[in-house]
Structures are given as structure tokens and as C-alpha cells.
């Protein structure tokens, strides 16, 4: 499972980078805390961070379940797709709200595959003994 | 632990559905990204998603700890209560802000039980060897 | 790993307390849901909660990886630093937005140490067999 843990940690590092980017955008676009709105470009940085937070809450348990029940290397590969998709999402969304879709899909598709695969793997583990 | 993992994955699928519902509400109530306010009904969809995100960050590790230290089947049962409570919370809150309380309690009570039970189980595991 | 799980559960309990504090601030400063702005003091409570949510998404997997690959007791110690730092962050930020920095640093430094240490530990686990 080490390869799964590495990709998981890379996704968290990427998210930490997004957090730093939001802090930077706060200063650049003069949105003093606790406000989270007031400048449209800042709001796009902030939405990248929040949307990635939402996706990570699904991603972290899903890559572990998929890696455990299905395949660690396939989990790592899908996880890498998620990390790359999130980077594209960040670059696109910060450029323009309309440019967020491609990166969003590139990251969400592997995320859903990890979740559904992990769920099916756990279901199979539960029912398998009953089939013998 | 497969039964715990299944309930965990169901909670994540439910959350993914809430994310889709927010995207749908964005279109219906004309709240273009990156904004997260502007129409009260959209804001209620959005708050369901955000509040569920907050609760999931507690739920995911707690159901695993409870399943590991206390009982996987009881963890799964409490987890199912959480998933059902969140569905009621979604239905209630989207109808009216005042209708969010019942579903909130139905989901938060099992969540706190999972957290406190998991913590006590881990504490017991740590001190037990010292008692012999 | 029980000691790691205890510190992890303490961090979640602390977060649950922050959630209750936000609900209390909603009532005190008259910010009815679904709004998340409208009174600056409420917004500071809310930002404590949201920022802690962001940090927890990194913290929970990181303390587990660090505890697994590096050392459970060192993981617990760094985790305790995170929990204390978050308490200071809460107290500071609620007092004034400018007082949030100290607690933020006290919690973020151990969090990054857990993440980077966990990543290096997993990398070492992966490459070690190839070195023999």
C-alpha cells in the first residue's frame, strides 16, 4: 500500500499549495480576513480550494479502499489522474470561471472510479464467504 | 471491517449526490461561479453540502476507529443512522431553513457516538496492558 | 497506533467544539442560516471552523501515515502540537483577525511535518526493497 500512501500524500501536498495560493490571493487582491468575497479573482482561488476540499473528503478514503480491495497500483494510477486533474482545474479556474470544466472532469472521473470500485470491492469481500 | 467500509462508501456517495445537487441549484437559481450566494434557495443547498463536509471529516475516521476498537457491526449501524439523518437533513433544509433541525440531530447523534466510542476504545487499548 | 488514534480523536472533538461555537455565534450575532456573513465576529468564528476543516483534511491522513511509517509516539506528540495550536488559533482569531497568526503557525508547522514525514516514510518503504 506504500504506493497508494505516496499518491495520497501528493494530493494533500497539492491541496496545501492551493491553501498557500489562496493566502497569496488574499494579499494580492486585498480581501482581508475573515471575508471570503470582495474580489472576483480571489473568489476563484478560494473556490478552487473549497472544491478540492470537497473532492478530497471523497478521495482520501476512496483511494485507500480501492487500493485495499481492488489493486494498489491501479489505485495509485487513478489517484495520479486526480492530482493532475486538480492541477489543471486550478490553472483553468484561476484563468476564468468558464475554464474550470476540463480539469474538473479529469479529476472527478478517477475520483468516482475510486469510490465506486472501493465500494464494490468491499461488497464483494462481504458476500464472497456466503457464496462458497 | 468490510461492512464498515461499505457504509463509509455509501456516506461518500451521498455526499457526491449533494455536490451534484449544488451544481444543479447553481443552474436553476442562476448563481454563476465563483459566487456562493445570491439566491436563498441555492444557499440552502450549499449549506447542506458544507455542513455535510464538516460532519464527514469527523465521521470517516470515527466510524473506522469505532469499527476497529468497539464493533464493526455496531459501527455500521450507527453509520447507517448518519447516512439516513443526512438524507433527512438535505430534504428538510432545502424545503426551509427551519426544517433542518430534525435531520441534523438524527445524523449528529450517531456521529458523536462513533467519535466518543472510538476515542474510549483507543484509550482502553492503550491503558489495558498497564492494568494487568 | 492507539496513541495516534487518541490524538486524532481529540483533534476531531476539538473541531466538533468549534462547530458548536459557530452555532452559538450564529445566535449571539444574529446571522440566521443559510447566511455565513453579516456580522464580522460571526465571520471570524466561521473562518476558524473552515480553516480547521481545511487543515484536518491534511492532518487526519498525515498523522496516520507518520505514525505508521515513522513513529507513533512522535506522531502523537506532533499531533498534540496541532491540537494546542488550533486552540490558540481559535482564541486569537475570535479576539481579532490580526491575532490569528501565532496559533496558525503553531498548528501548521506540526501538520506539515506530519505530512512530509509520512510521505518520506512511504517513499522509503517503496524504494527500500530495491536497494537490497
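Remarks
We just call them A, B and C in the order they show up, numbering each chain from 1.
The criterion applied here is as follows: contacts are C-beta pairs under 8 Å (C-beta built on N, C-alpha and C of every residue); 3 or more make two chains touch, one makes a residue touch a chain.
Values in this document were obtained by computation on a predicted structure and should not be read as measured data.
By the residue-number overlap criterion, the interface of chain A with chain C counts as different, with under half of its numbers used by both chains. A turn of 120° superposes the CA atoms of chain A on those of chain B, with the angle given to the nearest 5. The mean-CA centres of chain A and chain C are about 19 angstrom from one another, to the nearest whole unit. Taken residue by residue, chain C touches two or more other chains at 37, 53, 57, 60, whereas all remaining positions touch fewer. Residues 2-3, 5-6, 8-10, 12-13, 15-16, 19, 32-37, 49, 53, 56-57, 60 of chain C touch chain B in their complex. Only residues 37, 40, 43-44, 46-47, 53-54, 57-58, 60-62, 65, 69, 93, 97, 100, 112, 115, 118-119, 122-123, 125-126 of chain A touch chain B when the two sit together in their complex.
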